[in-house]
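A quick write-up on the structure given underneath.
A, B and C label the chains in the order they appear, each numbered from 1.
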Amino acid sequence: MENEKHWTRRSAAWLAFKRDKSAIITVTLLFIIIIACLIAPLIPIDPDEPDLLNRLAPPDFSSEHIFGTDEMGRDYFMRVLYGGRVSLLVGVLAMLTSLAIGIIVGTVSGLAGGIVDAILMRAVDILSSIPWMVLVMVVSIFFKPGLTSIILVIGLFSWMEIARLVRNETQTIKERDFVQYARLCGVSPALVIARHIIPAALPTIITASTTSLASAIMTESALSFLGVGVQQPMSSWGSLLNSAQGTMATSIYMAIIPGLLIVIVIFAFNKVGNILRVFANPQVMSGERS
Amino acid sequence: MAETILHVKNLHTTFFSHHKKIEAIRGVDLDVYDGDFLAVVGESGSGKSVTMKSVMGLLPKNAECTADELVFDGKDLLKMSEKERRQMCGGQIAMIFQDPMTSLDPLQTIGFHLREVLKRHRGLRGKEADAEAIRVLAQVGIPSPEQRLNEYPHEFSGGMRQRVLIAMALSCQPKLLIADEPTTALDVTIQAQILELLHRLRDELGMSVVLITHDLGVVANLCNRVAVMYGGLIMEQGEVDDIYYRPQHPYTRALLGAVPNPKGHREGRLVAIPGSAPSLANPPAGCPFSPRCDFAHEACSQAMPEFIAYGGERRARCTLTGAELDAKEAAANAEAGKTSTEVKELA
Amino acid sequence: MTTPNNSQKQTVTAGNTPHDDIILEARDLCKHFPLRSFFGRSKHVVKAVDGIDLRIRRGETFGLVGESGCGKSTLGRTLIRMYEPTSGSVFFDGQDITNVTGRKLVDIHRRMQIVFQDPYLSLDPHLNVREIVSEPMRVGNKLSAAEIDDKVAEILDRVSLHRDDMYKFAYEFSGGQRQRIGIARALSVNPEFILCDEPISALDVSIQAQVVNMLEDLQEEFGLTYLFVAHDLSMVRHISTRIGVMYLGRLVEVAPADELYENPLHPYSRALLSAVPIPDPHLASMRKRIPLEGELPSPLNVPEGCRFCTRCPQVKDSCKKDSPQLKEVYPGHFLACGSCA
């Protein structure tokens, strides 16, 4: 009985995955990309070492530079891998930051209601009405450039959508009998949120977090592309795209490779979100209700 | 005996989900006669609703339904094309459901709903359709039907919505009306009104009514025949008085014992039925009620008991006859009485 | 605010003489829900509970019946201070709990518990039975894992569940078993009073009897007092000592269970009881049903005077002006009717 029910949940997610061909392809690619980025330091090629004889070599799988080299003759494959490390790290950490803020603001706002809700939600409205690019650019001037500040800047200005979603979800969940009961018994609001609301809001949170991860990677790329992101010699997919601008006419591959990777990764994370949401769906979890 | 309007023989319905199959109906034989008011009584998951949906061809795609015979008004439903059957079910056989709101489009007026049905099943249009719509609304007891024709479902109360659904069903002039728990979502006073309406309409229009319900109390003074279902099978069927006053099957007896005595208050405890209904994903080989039955013996759990006939239409699916049950019960009571006197003597 | 000439109103309370052991008392209790319009200003007020006087004696089961929308659930929840009363007062065990807050309210809720209607929505699907049942007792108490295990096992035993069920999740149980988990959770803090908010209406007939029997046994064992809210009138008669009939936010009649069923006085009680399904063909066909005319008025716009005057078969002119109060017409039988008293 028990196994059967748990199996239902897992198999529902598995079915959702199996039916979606593009999900299989992109998730497999994502998996390969992540593994490659993780094991990059184990590959004995230095991404910063120039090979001045082989500058702007086009990709050639038979040579030692399979993705070619950049304008300084650095191995582009390794630069893409190291860039991927930065992009993914920024994506994950910025997502966690915005998720943390979004969940706290959303649940507190939704549970407390009244004046607290009004103040927090107006703050969300104000923050989200300013074009994020402007906001991030202005703030990034005051921060010292570096990885930490990029993560913080992206994280601190992308939680509003999550907060709004979580707040709406909280408002429905708090009306359910088991939440009302917990409050009646005097369970503290923090515990009510942690024990009842967050697990119930998990499907929403998962979807929001994958979207947020994708958009963090995109924001970082955009910032780096505009030159306010990661600084040389460190690179990310966005900064690689940026530096590819100068040699666009001759070496289009330098723009295509990181661009393609960004697209694949973002697409794949959205797919993962869809599947995880099926997995966390309480209706699937609780089996059939006749 | 009156003419048979619906004849069902050996109906099986199975639902397939991706990793299991649920045998919702496991061989149901049922006859509905002309002018019948038949109550199909059972708890959730007993298959009472699925039986009627199978007859109507209203099952979801993952269901498989087989029957040896399925005849309505002399026409074989199994041999009909999909289209013919759909025309038949909804026209000649009409069905109403528990929640009237899900059967009505909230964005369309009541008049629109009725005109749709009249156009599709009777080819009425324009003024003719309006007049007929007003007539059926009046027939189901909706006051000032001319005005209410232009109102939207949300402007009607629950009871009135159910009346609208009945009106929609009647507008096709059905020979058989199937009502699937039509009053479960309603209050008792409204429930009584709706049930009386169904009863009155049956008499006025000479149609047959099948009422699906979980409440034995609801149908006592309305229906003339009762079929009690459990675990995808009919356990007992017969005339209404036989079922209520001389139940032969242990499940029917238990069901009647589990509700408070209508005559008085607190004559001790209710007789609860222990345990819970069987899972139809993996139905027991024997009698589905045997795990909860006071009279169960070894044979019950091994093979499905056959019906014992008690004359006429009356039959019960049990290894023991009613008389044998009575004898057993009397013996058990005597035993209990003896022990209690022994206890008293000891004290 | 709601009842005119409040000053002249005589306090007649539906209980017995004052020396009875009253566990819960409501005095002119009101609960109104403002409906907010688009701009956040409250224009309309739903008077779900409007001027209820009620006394519940220790150890009895008080049944509360009425049709949906009559405010019976709201009254129950306001009485246990799950909802804030709009006006009036509630006394629990002699103590005014109308304005109690914080830690003291938590203590009150240890003594007054609730069992919900829907056994699917009232148990958190993400928690196992041990976490669900131990939730109320852990508030403000540091209990070791072993202590929790022992207590939960003991309570599960009381509701005929097995000790090993502790680590299962709610969705692994049937409706009746879930309702027993709900009862176990309420019992976990040794309450004196339990609000049973339609605890059996979502269950199958054969399971209802199990739950009702269990509630009766527990009442006897722990000396509990129940407020039993339900719309299944035959079950209410079986379980209740006294019954109150509600209509549109008011109590119209309060009487001992058998007395009410055999001799209902209020026209609404009569109509309601005459519609109760009887599982006996002869009795059912012998009974005369008293039809109710018209529809339930919107709670936003309740009739003036007696609330039942728009549908009452015995309505008099005076009914449309004066709002009748509960009066004792026979010993223990209270009635609020202007035309038949």
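The definition used in the following text is that contacts are C-beta pairs under 8 Å (C-beta built on N, C-alpha and C of every residue); 3 or more make two chains touch, one makes a residue touch a chain.
Just so you know, these numbers come straight off a predicted model, no measurement behind them.
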| item | value |
| --- | --- |
| Chain pair whose interface holds the most contacting C-beta pairs | B-C |
| Far-end chain from subunit C, centres as C-alpha averages | A |
| Centre distance in Å when subunit B and subunit C are each reduced to the mean of their C-alpha atoms | 31 |
| Between subunit C and subunit A, distance of the C-alpha-averaged centres to the nearest whole Å | 50 |
| Centroid spacing, where centroids are CA-atom means, of subunit A and subunit B in whole angstrom | 54 |
| Subunit B, residues touching no fewer than two other chains | 44 |
| Touching two or more other chains - residues of subunit C | none |
| Residue numbers on subunit B that touch subunit C, as the complex places them | 43-44, 157, 159-160, 187-193, 196, 214-218, 220-221, 240-241, 244-245, 254-256, 258-260, 262-266, 269-274, 276-277, 292 |
| Partner subunit A, residues of subunit C touching it in the complex | 80, 82, 103, 105-106, 109-110, 114, 116, 118, 120-127, 131-132, 135-136, 139-140, 168, 170-172, 185, 189 |
| Residue numbers on subunit C that touch subunit B, as the complex places them | 67-68, 174-177, 204-210, 212-213, 216, 231, 233-235, 237-238, 257-258, 261, 271-272, 274-281, 283-285, 289, 291-292, 295-296 |
| Interface residues, subunit A side, partner subunit C - complex | 1-2, 5, 176-178, 180-182, 184-187, 195-196, 199-200, 282, 285-287, 289 |
